[in-house]
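If you scroll down you'll find the structure; I have some questions about it.
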Amino acid sequence: MSIDFEYIDRLLIVRINGDIDHHSCEEIRSKIDKEIIAKNPKSILFDMGQVGFMDSSGIGVLIGRYKLIADSGGKAGMINVKPQIMRLCEICGLQKIIKIYAGKKQAVASIKE
Amino acid sequence: MSIDFEYIDRLLIVRINGDIDHHSCEEIRSKIDKEIIAKNPKSILFDMGQVGFMDSSGIGVLIGRYKLIADSGGKAGMINVKPQIMRLCEICGLQKIIKIYAGKKQAVASIKE
Amino acid sequence: MKADNEMKLEFLSKSQNESFARSVVAAFAAQLDPTIEELAEIKTAVSEAVTNAIIHGYSREIGIVVIVSRIISNRVEIEVKDFGVGISDIELARQPLYTSKPELERSGMGFTVMETFMDKVEVESKTGEGTTIYMTKTIMTVR
Amino acid sequence: MKADNEMKLEFLSKSQNESFARSVVAAFAAQLDPTIEELAEIKTAVSEAVTNAIIHGYSREIGIVVIVSRIISNRVEIEVKDFGVGISDIELARQPLYTSKPELERSGMGFTVMETFMDKVEVESKTGEGTTIYMTKTIMTVR
């Protein structure tokens, strides 16, 4: 598991590479939180294109990061979500909190507006 | 596991697709033997390009087919052997019986000569 | 009914074994030739049950997690068992969003995910003795 | 010495479980981050031992094959056990090219392959009680 960060102005794009389960969660959480504390982004976009597996532990982590960002008035979104993970998000009602966008352009436009 | 047969004159080229272990051996053996009985090829060339795994059960099957062909004066060869399977063949001394060729052209030329 | 195939896996309740456990069950279930989607559903359900055994069943101590899986015609049965603290109120535990460990950022959706992805989920548990999750899923072979 | 990680797998001696068994051990050993070559060697050795349990240990009947695997620092230990007919002459059995079932087109190279691909191979067997193959391999993490 590895994480890449990219910025478009104050929008933090987080690309997670690898499975998101309870085992990898702690590392994912601490890496993203360190980045948020250091760079103070306004909003956050999760690029899930390199995530092949996720279970409800991942839902917990994503919601946790969303809360951090939302507390200071930011928005959160997801892109490149694979069908299997899409279903998990639906079951858990995640898309009501973290919107799933069709692509990066749409996501950036909508989150930054 | 599936097997494709191709002929260059009386040289039978056998492409095995899938793992060769004790489980798949029986099917591999019976399919090749049926083909040999039906078409009576002179020589045989195993294309191992689609074989990702082989253990010593596979060695037994290859030697068994070799014997069938050699009994009536034919030759046997192998091509597209992956490094891992190459090592197995070395350990078992298989290349002394079934020559491993660098490519199809060389194999066909040498076996048909 | 007699199983066509059966396996039993035991492993330590370490979080690195979560991905190991779900890939073992997926490799076993693969003989039913499931779709990628069905296989992902099985993996996810197993991951939920195994994670629960590790973090809720055993918390900080290391115990043994047992998975038994059976193939009976086109159905796969999966049992995930721990010998940990057990669940005192199973009905409450199964409620969507209920979690006893919100401080760990648990979503409380593990049981709901298992129930959605599998055909049947049964929970047997006794406080202080442990928990067994019993799940089945029929693989739709007609593609 | 205490294992860093440990697992036990039990399955029926059906030939379709050969590929299952070797992929389970490979998935477990993967935590040592072996090279593709090392992983293929482990898979092949496990396949040899499991195949022997199935065809020699149990022949036509269906029994249980047990695999225990442990990770101790950068070494993987693998035990493959059956409760079948056992081996009366272990020294003879380990000879290259020796096979008791030439009619099945066995090559007699199973033990030689295990010995070449693993660092250590020990055989424990008692006629009528079964056989245990104990193998270890150290993973060279320095790439």
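Chains here go by letter, A, B, C and D, matching the order in which they are written, and residues are numbered from 1 within each.
The criterion applied here is as follows: a contact is a pair of C-beta atoms (placed from the backbone, for glycine too) under 8 Å apart; a residue touches a chain by one contact, two chains touch by 3 or more.
Just so it is clear, the model here is predicted, and its values are computed rather than measured.
Common neighbours of subunit A and subunit D under the contact rule above are C. Centre-to-centre spacing of subunit B and subunit D amounts to 26 Å, using the average Cα coordinate of each chain. Taking each chain's centre as the mean of its C-alpha atoms, subunit A lies 51 Å from subunit B. Each chain gets a centre from the mean of its Cα atoms; for subunit C and subunit D, those two points are 28 Å apart.
Annotation for subunit C: residues 16 touch two or more other chains. Contact between chains, using the touch rule, shows up for A-C, B-D, C-D.
Listed in rising order, the residues of subunit C touching subunit A in the complex are 15-16, 18-19, 22, 36-37, 40-41, 43-44, 47-48, 51, 54-55, 104-107, 109-110, 112-113, 116. Every residue of subunit C that touches subunit D in the complex is listed here, in rising order: 5-12, 14, 16-17, 20, 23-24, 27-28, 30-31.
Contact residues of subunit A toward subunit C in the complex are 19, 21-23, 25, 29, 53, 55-57, 59-61, 63-64, 83-84, 88, 91-92.
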